[in-house]
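What follows is a set of structures to go through.
What follows is a pair of complexes built around subunit A, which joins subunit B in one and subunit C in the other.
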Partner chain A sequence: MTQTTTIHGEKISLLRVLGPGHVWALGVGIVLVGEYMGWNFSVGKGGAMAALIACWVAGLLYTCVAMIDSEVTSTVAAAGGQYAQAKHIVGPLMAFNVGLFLVFAYTMLEAANAITLGYLIQTVGGMMGMTDAAGEALVLHDKPFIVLTIMFLAWLNYRGVYATLTFNLVITAIAFLAIIILFFAVKPWTTEVLQHEELLTGLPYGWIGVIAALHFGLWYYLGIEGTCQAAEEVRSPARLLPLGTMTGIMTLLIAATMTWFICAGLMPWEYLGQAVTPLFDAARLMDSMPLMVLLFIGTIFSTLASANGCINDASRAWFSMARDRYLPQWFGAVHPKYRTPYRAIVFLVPVAVLFAYYAPLDQVITFSILSGLLGYTFMTFNVVMFRRKWPLGSIDRGYVHPMHPLPALVLLLLCSATYFAVFLGYGTQLMAMMLFFIIASLWFHFHRYRYVRRGDQFSMPWPRPQGDY
Partner chain B sequence: MPDISTLNNYQLIEYGAWGLSLLLGLWMLFDTLKTNMTYSEDLLTSSREGEIDDALVIDPPHQGGHR
Partner chain C sequence: MKNGDYVPPRQSALGQFFDSMFLLALVFAALFAPLYLGLASGGKTELEVADKTTWSGLGQNAVMQAGWEKLGYTPETAAPLIISRFDYSFDQLALGVTALVVIGYFVLVVAFSKTEYREVIAERFGRRDR
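Let's turn to the complex of A and B:
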């Protein structure tokens, strides 16, 4: 599809060109890398059974996230996603924090993906076994590929959202298909290949191991809520955002369960808990070159898709905050030709490169998880306030989630358990992150908010809220 | 700058990656500067939030958001 470059009147906006496949690809694309690597550290925390419990508990958490987010975003259809929701429903200070959670979660995840891609290319270089003239093994360094990954994907994002997310759709679909092919290759209907009876050894660290496993259980689904960042670029947001988000979480629940089933039936938990690329390792155990190549391609594609979606989402959140003057308005510009938030995209490139270049992978991942978790906690009271201020029937909703307020309560409970799990492993980082957000909030409250045009930031023509607010 | 004839294949690939990164970065910077100078700041920052009305026209049976 050719992107138009029309400037209507004296205004430029983001381009509405995305369909349901793009929304699915944005959500699933960001997350699917978690199936290829990262989830298995939950096995190391509490054994394979604990990882399965974490997979399903986190699945429940994210189903609540997807349902709640689908309802709210079908009415607050604006780039910035949860930031725009917070602005309209809770207030400016909450919105500023939620915007920062989003930018941090996605930029850190992008950095983590770039580190992983660099590592994978370095590993392939090592596997090729090239030597120099003196017979010494040659080493392929990861840093150039870390930087190239970020630069290439930022360039793609800069040039237009349609090409960016079509690229994501293709590579995400291939990566998902690779998991399904591997699932059938291990013949799950027999015990010929899979050895669950021998390999599942209960809970080696008891129930505390299950709680600890929750930390990395989030990795199966982290980022699915990013679909709503496409609100101003999707052709029919009220219908397509809930559709893309709900099909996305269904895809991930299937992929996560298949991934656990394959890996837990092929590898002992002691190995699986510290493997770098568990699905690729599973393919290697099948002793089939086509499967190995397919899963290697799947690993690379899922990593690229995740970083690509993260650049898209982080830049939309940064752009939206700037457009409302929560940040310098200069970042709220749209490219007249490509119709993308080009300054936000370019500004976040060095931030991602710095973290990818210098920070250790586990720290970067933990900062991303923590930022995401803070955002999910916000969703719990956000949806309660939304239903109280604008009850069903007072405004049109593209989707109404069932059993309210049960999903919000379940989400809050699971978030609390996950904070405890993160505290067990990364207490210092948790405290440092909290301190950072407190300082940032003080800066916003006492300094930045004076630049915000208070009336302009509320763009949804809703009726006055009900109740005493 | 090292002598190219003394580089091994891996080093060439690494320099290629650095070079491509530099090119892409410079392209984005150059285009950003060019765009900033070609268009007025008012026009570039004229985007406003939540143009959901387009969606209501495109997909009337599934109206959402607001009237």
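Let's turn to the complex of A and C:
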């Protein structure tokens, strides 16, 4: 069965071949790297118990995201996900902002992946105790590996030899299996290895630490909403999108709890709260070379798969905005030989390299989380406007989420709590991010919008929106 | 395209170059500069401990000590990590201003989007008599 849709004036047919397993793999594949790094900064912000509570509260936030996004994306069945939704429901400036949210969430995640990979190679190099001819200890620096990783993956994407879903699926499965093997290796049914009673120290910051931990609690799941990008290619979006997304969230919730259980029972929270590669460190503490090799491979695979996907997604979001003239049209070019958005790929390389080279991991992750958080806030009023402009029955919906507007209200409440969580300790980054988006919005509205074709921004075969739009 | 539809001007290569450079400069000025200048690393305080040179003085029990040592730390090298704490005391005015900026941003974007959206709908569906 095929679906034909019109994008940028071209008829594009996508095969509806994806089942619930594919949707699940798409979501978990993007997000799994969050179990290997980044989540543990929530331990630093509130202690180990606070991180666990934050993990579950963030799970509720993402359940709301999945419910809302399943309805809107299964109806706005156009490539571009939330960007296409914003164009059709709120307006061009919102779409420009949503496009930038996507670009920054992915580009900063790409930088975070490169930092983790460079750090891991530096750590393993140090553990190998290499010396030069004079017997002096050789220090392996992480910076060349950071730059090389970004440049190599950008080159792969430029050439179009990016990893397919199947390849990413295999290396993600290996990374997921590594967590499962580590979980059984620590014998969670005994206190032989894990020492939670000795290592858990309650709430060192009190309950405000629990709220603060919500900031990095989002990292466990950030990007799961990417499952909805496949709306056009899913066999039965009404049933399979929510099913695949919700099972993906449940899988991540279980994997996140397992990861927390292993790490919190092996190392002091003060170390865990700032570790770059917590799962690899857990394997180091097990004194087992096979486990160390396995978790080394798992970390490398999860960061590579994620970084590769990030370059792919960020460059395509930038390319789409250029095709709509929200950005200079020069970026909307396709490579004549490789058929890739090569200018968009190249343009974003210095941004990723500079942040990966100079910025600390927690700061880079914070920018990625903030971009995601702004996108989730957009979803709350987007779904309300969607229901008002096209009430139930006025257009065919692939899926109708229950209890509207309760999920939107809960999501708004949790987003507000997360802004406060980011404000606690990272207020400067929050203000810097808002300043960036405010200036960019003014630039778009008063300058860039003059180059945009008005009517082309609405391509769905829907009736005129109702009410005062 | 119908008669009366908005026809956007053609942007010169130089104009496109300036727009690209503006965005790149904005990213580096707004997001990267605070990190590079060290303006984004505030909000930390230090915990008072009995003795920074011993594990017990740092409040670490035997299991914690074993973990630190396996990870290659001594009390001296672990001390900065153990005593570092986020400072969650905050100025209510700063919180109010931050909240206002976040809310103001969304209000601004939705308001400007609304005027642009009306033009999009007018071209797509025709003007509506009011």
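Quick note on the criterion: the second predicted complex is superposed on the first by the 400 of 469 C-alpha atoms of A that agree within 3 Å, B and C clash if a C-alpha of one lies under 4 Å from a C-alpha of the other, contacts with A are read in each partner's own complex, and residues count from 1 in each chain.
In this text, a residue touches a chain if its C-beta (ideal position, glycine included) is under 8 Å from a C-beta of that chain, and two chains touch if they have at least 3 such contacts.
Because the structure is a prediction, the values reported are computed rather than measured.
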First (subunit B), second (subunit C), both or neither: which does A:257 touch? neither
If you stack the two complexes on chain A, which partner ends up touching A:329: first (subunit B), second (subunit C), both, or neither? both
Just checking: does A:288 make contact with subunit B only, subunit C only, both, or neither of them? Give me first, second, both or neither. neither
Given the touch rule stated above, what does A:147 touch, subunit B (first), subunit C (second), both, or neither? first
Just checking: does A:437 make contact with subunit B only, subunit C only, both, or neither of them? Give me first, second, both or neither. second
Applying the document's definition of touch, where does A:138 land relative to subunit B and subunit C: first, second, both, or neither? first
Partner chain(s) touched by A:349 [first = subunit B, second = subunit C, both, neither]: first
Superposition-derived comparison: subunit B or subunit C, residues of subunit A touched: C
Footprint overlap on subunit A, comparing subunit B with subunit C: 329-330
For the complex, give me every residue of subunit C touching subunit A. 1-2, 5-6, 8-9, 11, 13, 15-17, 19-20, 22-24, 26-28, 30-32, 34-36, 39-44, 60-64, 67-68, 70-71, 73, 78, 81-82, 84-88, 90, 94-95, 98-99, 101-102, 104-106, 108-110, 112-125, 128
For the complex, give me every residue of subunit B touching subunit A. 8-10, 13-15, 17-18, 20-21, 24-25, 27-29, 31-32, 35, 39, 41-52, 54-56, 58-59, 62-67
Once bound in the complex, which stretches of subunit A touch subunit C? 44-45, 90-94, 97, 195, 198-199, 204-205, 208-209, 212, 266-268, 270-271, 274, 281, 284-285, 287, 325, 327-331, 347, 350-351, 354-355, 358-360, 363, 367, 377-378, 381, 419-420, 423-441, 443, 445, 447-455, 457-458, 464-465, 469
Under the touch definition given earlier, write down the residues of subunit A that touch subunit B in their complex. 7, 10-14, 16, 74-80, 84, 125, 130, 132, 138-141, 144-145, 147-148, 151-152, 154-155, 158, 231-232, 234-239, 320, 323-324, 329-330, 332-337, 342-343, 345-346, 349, 395-399, 459-462
